[in-house]
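The data blocks that follow each hold one structure.
Presented sequentially are two complexes of subunit A, the first with subunit B as partner and the second with subunit C.
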Partner chain A sequence: MLSITIGLERARVPVAVMKLDGELDAATYQDVINRAAELIEQGAGHILLDMGELTYMGSSGLFAIHSVAMMLRGEAPPDPEGGWGAIHEAEPRDSEKVDELKLLNPLPQCERVLDRTGMKRFFETYDDRRAALESF
Partner chain B sequence: MNPSDQQLLKDLARETLERYREINLLYRAAETIGASLDAQEVPRLLLAETERVIPSDRAVVLIGDAAPSDEWASEAPLISSVRATGRPDYNDAALCVPVRAGADVLGVVVLGRSIGGRANGRVFTAGDEKLLLGLASQAGVALERARLHEQETIRLRMEEELAIAHRIQLTLLPAHVPRIDGWDFAATYQAARHVGGDFYDFLDHRLGERRLGLVIADVTGKGVPAALMMAYSRAILRAEAMAGRSPLDVLANANRLIMQERQTRPFLSAFVAELDLDGGRLAYANAGHDAPLLISAGGRECRELEAPGVILGAFGDIGLESRDVALAAGDTVVMYTDGVTEARDPQGMLFGDERLAAAAVAGTLSGPADDVLGSIIDAVAAFTAGAEQADDLTIVVVRRLADSAGG
Partner chain C sequence: MTTNSLRIEADVGQLATIRSFVREQARRAGADPRAVPDIVQAVDESVTNVIVHGYRGGAGAVDVEVEAVGRSLVVRLRDQAPAFDPTGWPDPDTSVSLEQWPQGGMGVFLSRELADKVTYRRTPDGNELTIVKECIDSRGGGAC
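What follows is the complex of A and B.
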């Protein structure tokens, strides 16, 4: 089970805050991608993922985070019917650090997954909400 | 017999005939409608039977919240009321009864007749209504049966797909662990019900040079897609390793190839190593996989074989670095997938790194690689206490035997 709450904050730029509460796994990762796709369609250019209540993240969760990042970069959103859909149309950038998506307060299990899989180096992680919002 | 008795008898005879006709019609309708297991066909059969049994000018069956066509515009309030109450109702030109399965209203049947036929304002009799209810209830039962049948078909198809996924997985895993003097290997793969994308591999193409390749990997996803991606990823890693590349180059090239896939691109974590069977040196690189454990002889020390790197398929630059470590006699390496550390007890707690390390170390004390494997499997089973296994669980154990210490 995962519940997703959306908030809009105005820092130096408008930031959409997606608060994830519950577990992000094979059963729920597509929800995160779909909600982010809606936000981006409505014009969101920066997303802060609030992971303070996310008690579990599997590798599907990483896939969701990566997909959201790619969508924010203007690359084709994944096709929900295709499982791992067509994410990639553009060539990889020179700098692959993701500036459009940042992470807030991952709990130890999520932190471990981000760390072990090496994904942490691409996403800035914050433990202070204000600092996270101002970083965009 | 007086005239009133005669009338009574006539009425009785007519009523009996009517009942007989009703029962007969319902019986035939039940045979026709009830024989169908097709949710699309049942409404058509219901409509055909209704038209055959109850004369009307127009008739329609609306399943779910299907909207009636314009010719039924003046019956819209009647239809909504029957859908809401689940009880038959009529107006001065139409009769509407629900198609029900238990308390659920699955749809409605509406019959229309030109006004003017009857004096009491009803164009259909109470008998028509009863007959139509009988037909509709047959259809309700048939629809419910069709729905259950469809669910069962979907369930069976899913089971079949999972069986296919499982078969793909099993045929691609090594049939045996290597038997090599001075070394002891053990491996297990336990599929979750929804089959993940774990795999392991022993690459023995350079055994002549006394080298053995080792792979453990986990593809994101479940079921047939994950199994196909596993097959694809395994082939790439094999091909790269067989071309004589180092673990780092195997992973770097695999990432390059996977990143070129536009449509379906797997994410996978993979640990690749090359073991020098004489010298005991293990050279490795790790693309975002859980770091294997190295347990020294006698369980004195347990540490992780760390190396930087990123899961394959996500980014172009994955910062891999080669590492190596010398395995001494009695040393054990435990490679595993996150199905082990993320196994859950009935309360949802994760097995975790510490329990894994403790079970692995305990297993090394008695000796063979099989015991190390067994110790971990037993600890996971005791911990999960019958809770459903959510993800594949894979463990590979490599142990350097004490009597090979000269190498």
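What follows is the complex of A and C.
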């Protein structure tokens, strides 16, 4: 079960805060992608993923985070059945860090998944909400 | 030595039930609480692969059996999907850029990373994956 709450904050730039509450797995990851796609379609250019209440994240959650990052960079949402051919053809950027998506308060299990898979290096992670918002 | 089992339908909506089951069995077996998330995730990733890539949305069942053997928590997964041995699957290259990020094999990679031992065998009844985590302190309650 995963609950997603959306908040809009105005820092130096408008930031959409997606608060995830519950467990992010193969049953729920598409909800994260869909909600982010809606936000981006509505004009959101910066998303802060609040993971403070996310008690479990599987590899499907990594796929969701990656998808949101790529969508914020202007790529089409992924096709879970068809794979990521289009994404794989995208040009790498100079910087590894994703400026458009940042993470807030990941719990130890989620942080370990990000760390062990090497995905952590792509995302700035904050434990202070205000600092996270101001970082965009 | 106690064995407890659970059968679920091949539906990703059942994953939370499996995680709860493994957590509870690990707790009852006296597993180190710090190691429980590892075995829970290793099982979750493996069952996800069975449901998504094995049964591919079709009907089927997954049997989960948890057993405490000495210092080890042993989880056996059995299914009747087409044969698949995840232990031979190559690790994804995670040194690449975000744009080139591997979309396959991450669940298999994590299950191997988080468990102490993962073995596979094909039986007359289907696939059998055994996941072992040495996380039970036989002296009672300490770290593994």
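Quick note on the criterion: the second predicted complex is superposed on the first by the 126 of 136 C-alpha atoms of A that agree within 3 Å, B and C clash if a C-alpha of one lies under 4 Å from a C-alpha of the other, contacts with A are read in each partner's own complex, and residues count from 1 in each chain.
We adopt the following convention: contacts are C-beta pairs under 8 Å (C-beta built on N, C-alpha and C of every residue); 3 or more make two chains touch, one makes a residue touch a chain.
Treat the numbers as computed from the prediction; the structure is a model and nothing was measured.
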Residues of subunit A touched, compared between subunit B and subunit C (which is higher): C
Contacts of A:His66 with subunit B and subunit C, given as first, second, both or neither: both
Touching partner for A:Gln109 - first (subunit B), second (subunit C), both, neither: both
First (subunit B), second (subunit C), both or neither touched by A:Met1: second
Which superposed partner A:Ala26 touches (first subunit B, second subunit C, both, neither): both
Contact residues of subunit A, present in both the subunit B and the subunit C interface: 25-26, 56, 58-60, 62-63, 66, 83-84, 87-88, 92, 96, 109, 113, 116-119, 122
Residues of subunit B defined as touching subunit A within the complex: 194, 218, 220-222, 225, 229, 259, 261-267, 269, 287-291, 308-311, 314-319, 338, 342, 350, 390-391
Subunit C-touching residues of subunit A, taken from the complex the two chains share: 1, 23, 25-27, 56, 58-60, 62-63, 66, 69-70, 78, 83-84, 87-88, 90-93, 96, 98, 108-109, 112-113, 116-119, 122
Parts of subunit C lying in touch with subunit A, wherever the complex brings them together: 12-13, 15-16, 19, 37, 40-41, 44-45, 48, 51-52, 94-95, 97-101, 103-104, 106-107, 109-110, 113-114
Residue ranges of subunit A in contact with subunit B within the complex: 25-26, 56, 58-60, 62-63, 66, 82-89, 92, 96, 109, 113, 116-119, 121-122
